[in-house]
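I've put the structures underneath this note.
One chain, chain A, appears in both complexes that follow, with chain B as partner in the first and chain C in the second.
Right, the complex of A and B next:
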């Protein structure tokens, strides 16, 4: 899809803000939120995923992408030492979502296996202030006349409008960890054409984050379309093992039929590399080692943002 | 496949046959003639002895651990593949004889400095509760009704809140089996549907919560579905058929294990008993290993602990094994083999832990001709989702080859428990019959650390 994120913005009636919200960035920079020798540990996590995890010389992407993700998540979980309320989180793998909404005479639906969902007992407090939310009213959504906004979407006859974090998709009633916190997407296919390109990955992240937020909002506030008093915030992280995409989605309204009024907000921080290159075997040209083995171009900020998104909501 | 330029094609096969390798013996200064040694290429026992000595010398002088491992597993011959998770009858006795292991029922007594977390009434906390804050479980349900007052030990070790962890475990169990709506499990893949994710989630959360009490866990590395391999020789046999018929060969074994989860740490666990301790007898089996049944195959001789030598977390802490559907309890009960249920747990514990500790020892440079100078200790939890069995293994010796075993009085030791259920049944969003002892044992396993930490 050529206009991946732009189409998703129209479909979910959202306004885009580049970069992560200020609150998340301040959590990332706060020194008390850092682990001891965090940079060294992040490097070790990357080395483990890219070099040491296998008996072969170099692991394939479908091995190292999930291993890297698990290692980073393990590092984040170690922060439970400092913030005990982080223990109130639960991961759900193989998680299915279904959400339906109407958008200017199109009935749209998001369904299926998305990534790994991190649930928490307490919801994330709204990121944007009320003024910012009200200011979205003046923003007009970008349309792509003459292309229909629903281009490249699969048209399906739906017999049951499934719409829940409840019945047939995800979790039963009474589940204590009922607030979706972060969705993680791992693009770990070996062949490049089987992976989503960054633009599409961002669009996929946004659609699923929106689906989760919408389902949660409908569960909390009912099915009537209205502007939400307490916006629902869902975060999303997507990676292919090297480059990370971060996203924070705030659902302000479930009134999606018309294109006017309060819009939802999304903050996207795209294409953050964690490292440039991981050299497994030293590069030798004409019997001289030109590039020794190791990690090149390590960016500690990317891991700080990952950790900040994990800590968001409890700090 | 074209070899890249600049690489010399490595000489495969038996490099030691070339005369150039053998001519390095220096002459003593008072003699005009080179020393008289056996031939290197003749078909004689002395020549074979000399070739063996030369191989040992090469491995001893290897430049790095990777080189040592490569030379150790250089020669490929058919070898017995040992599967830790097996339904063979009395497999644990056979595995004990292959690995020279003594099995001691029950777990080793812990040192007094461990936090005695047994849930007793909180009266004793009056004098002991120093300034360490107790994280009270916010409204957590207490099904057992037992007071979970944390017991500070004599040296004021950080307390462990068992009630909090119990509610955590119940939450994980309920999420995996009750709350999350999943599709029906695939045929014969029941274990991947519920117990697998339950174990993964439980251990990750427990390890994260216990980081405060055990700083070793904070520096640890958690592996999901790692690979553990070990290759060794034990005993002798005569080659039965083929072009090498009639020759006397060592019996080779290889373990290729895939635990569900594994925790590796940068510092070694303390020894349980001294290196030369003798706690029992190793069972002696008079039959050939192929009678177990075990089958031979020839492939790469791998030694691997879960990550390569360069990883700083090179010592093992705890492994977690999940039984596949083939080894469900009901299957054993259907064919009237109830006593073999415990045998499967023991066999899994002994084989997996021997492979892991021995591979750790090889990563430190020890091998069958250079025996370990300090014992290597690791732990394992074997489960089928509901029943848990705990094992602790101490590796005292790697010298299991025919030559080395003659003068070797040391034995490896494995302590293990019987399998007990963690809970009775899960219904209607409630866990019935939760067993605190199992959780306590799990927590104690995770809190195990060297004395100085």
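Right, the complex of A and C next:
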């Protein structure tokens, strides 16, 4: 079966680029964007989420995943001192998205509770240059004959094709923070079968990012399918508490009925572990401590990318 | 309740996979035309000796009994069309018996069209299509019995998977218990007329075709 991301690429008429775009990576590397002792602060954030947050021995994933996310977001918000325009951001939780589009005789829609959405007053400037956007025209979408691309999708009768965010306040006129900036997905179910696998999580991130971008584009430029002059960019971060998936989605066109022409672009950086293992209790073999408690395999680059995605658009 | 068959009981818990024995099952909303499916995964099934394969086509996925040499990524063809010329069938495809050349090895045979495969499903078995006689086809089953069915009955081409199933060594009594077989009695019986090698002619051909009765 075409694993999640490949199916999502066909459904959203998108071309995949591995790795984050160069602009985001340069924001990550630039030393002026670092906090003071950033690595130490990140370690403390992980310890707070994984060790210190509970009276029991080890907190469950339902507890530590959102706590870790809040800690990392707080560290990003500290940067508001250096970049005052970061204050023009707002978080929205329990955010309901609805978007409908037609894709080669299939009417598809994205509905549901989103995750956590970071809105901003200013939109993110388009990441890919015009040449890259025009180059997607030659790219052919991958088909999975004899399997139809709509396999495993739920068939639903719709009575109203909704195209906005239901009754949330984000996209209504007058709301200052009206541009979707980043979506955060936390896979925090305790039981492994209830969590999404990394591939499925990436597909879910892509579909919701596309839904948000499409709803915003239809609001800005109307419902007619056309190629967008100013592409809409939405970012997305998904995690299960240990491993992070980063994604930048650029919507270039709302003309999705045919499979030719300009495609949308997505940059995915998958499976970035923030740390390998967080040992809550020291491992003891034959009454000798083999592994003391602590965090093993901390990767500072993952947090730098998280911070870069947060700062993108204002730097 | 009384025990009808002795020696059954216990055994490891098994999850049943719903295997689709009717190869020509069309999707709802799909036209009744030959269609293709792609093999995604071939795996062990605890409920039968053969392996099963997950195939997907159109908008649905299903399990089918895998044939020998079925690999993930193969494309299988299912057709109900009987042409004048016999089809060069690849292993794993499903065709009606009237469309196959005489002498092909087949498995998953059905006795009545549309009933679903009930014959030749065990590991490594295969039947042989012997001859085609005006609208019916005669197949030799693995027990060397001959069977006459309508030529529109669908069968898959090839031998059933897991060919070395009969060569396996159980190894210990415990493995038989895992399979759900309880031990025999140890009481010595003198064997009667039922035991020993029998040499007899083949039983007559079994016909599942209702030929019109000749009015007297």
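Definition applied: the second predicted complex is superposed on the first by the 306 of 315 C-alpha atoms of A that agree within 3 Å, B and C clash if a C-alpha of one lies under 4 Å from a C-alpha of the other, contacts with A are read in each partner's own complex, and residues count from 1 in each chain.
To be clear about the criterion, a residue touches a chain if its C-beta (ideal position, glycine included) is under 8 Å from a C-beta of that chain, and two chains touch if they have at least 3 such contacts.
Being a predicted model, the structure only gives us computed values, none of them experimental.
Participant: Identify the partner contact of A:23: answer first if only chain B is touched, second if only chain C is, both if each is, neither if none is.
Facilitator: Neither partner.
Participant: Can A:92 be said to touch chain B (first), chain C (second), both, or neither?
Facilitator: In the superposition, A:92 contacts chain B only.
Participant: Once chain A of both complexes is superposed, is A:111 in touch with chain B (first), chain C (second), both, or neither?
Facilitator: After superposing on A, A:111 lies clear of both chain B and chain C.
Participant: For A:51, is the partner it touches chain B (first), chain C (second), both, or none of the two (neither)?
Facilitator: A:51: touches chain B, not chain C.
Participant: Examine A:147 and indicate which partner it touches, taking first as chain B and second as chain C; both and neither are also allowed.
Facilitator: After superposition on chain A, A:147 lies in contact with chain C alone.
Participant: Touching A:103 in the superposition: chain B (first), chain C (second), both, neither?
Facilitator: So A:103 meets neither chain B nor chain C here.
Participant: Quick check for you: in the superposed arrangement, does A:197 touch first (chain B), second (chain C), both or neither?
Facilitator: Neither chain B nor chain C is touched by A:197.
Participant: With the two complexes superposed on chain A, say which partner A:74 touches: chain B (first), chain C (second), both, or neither.
Facilitator: So A:74 only meets chain B here.
Participant: Contact residues on chain A for chain C in the complex?
Facilitator: Residues of chain A touching chain C: 1, 144-148, 150-152.
Participant: For chain A, which residues are in contact with chain B within the complex?
Facilitator: So the residues of chain A touching chain B come out as 44, 47-48, 51-55, 66-67, 70-71, 74, 77-78, 80-81, 84, 86-87, 90-96, 167-172, 174-177, 284-287.
Participant: Can you list the chain C residues touching chain A in their complex?
Facilitator: Interface residues on chain C, with respect to chain A: 35-38, 40, 56-61, 75.
Participant: Using the touch definition up top, name the residues of chain B that touch chain A in the complex.
Facilitator: Counting only chain B, the residues touching chain A are 4-7, 135, 164, 168, 171-172, 175, 178-182, 197, 201, 204-205, 207-209, 211-212, 218, 221-224, 226-227, 229, 302, 304, 306-308, 310-312, 429.
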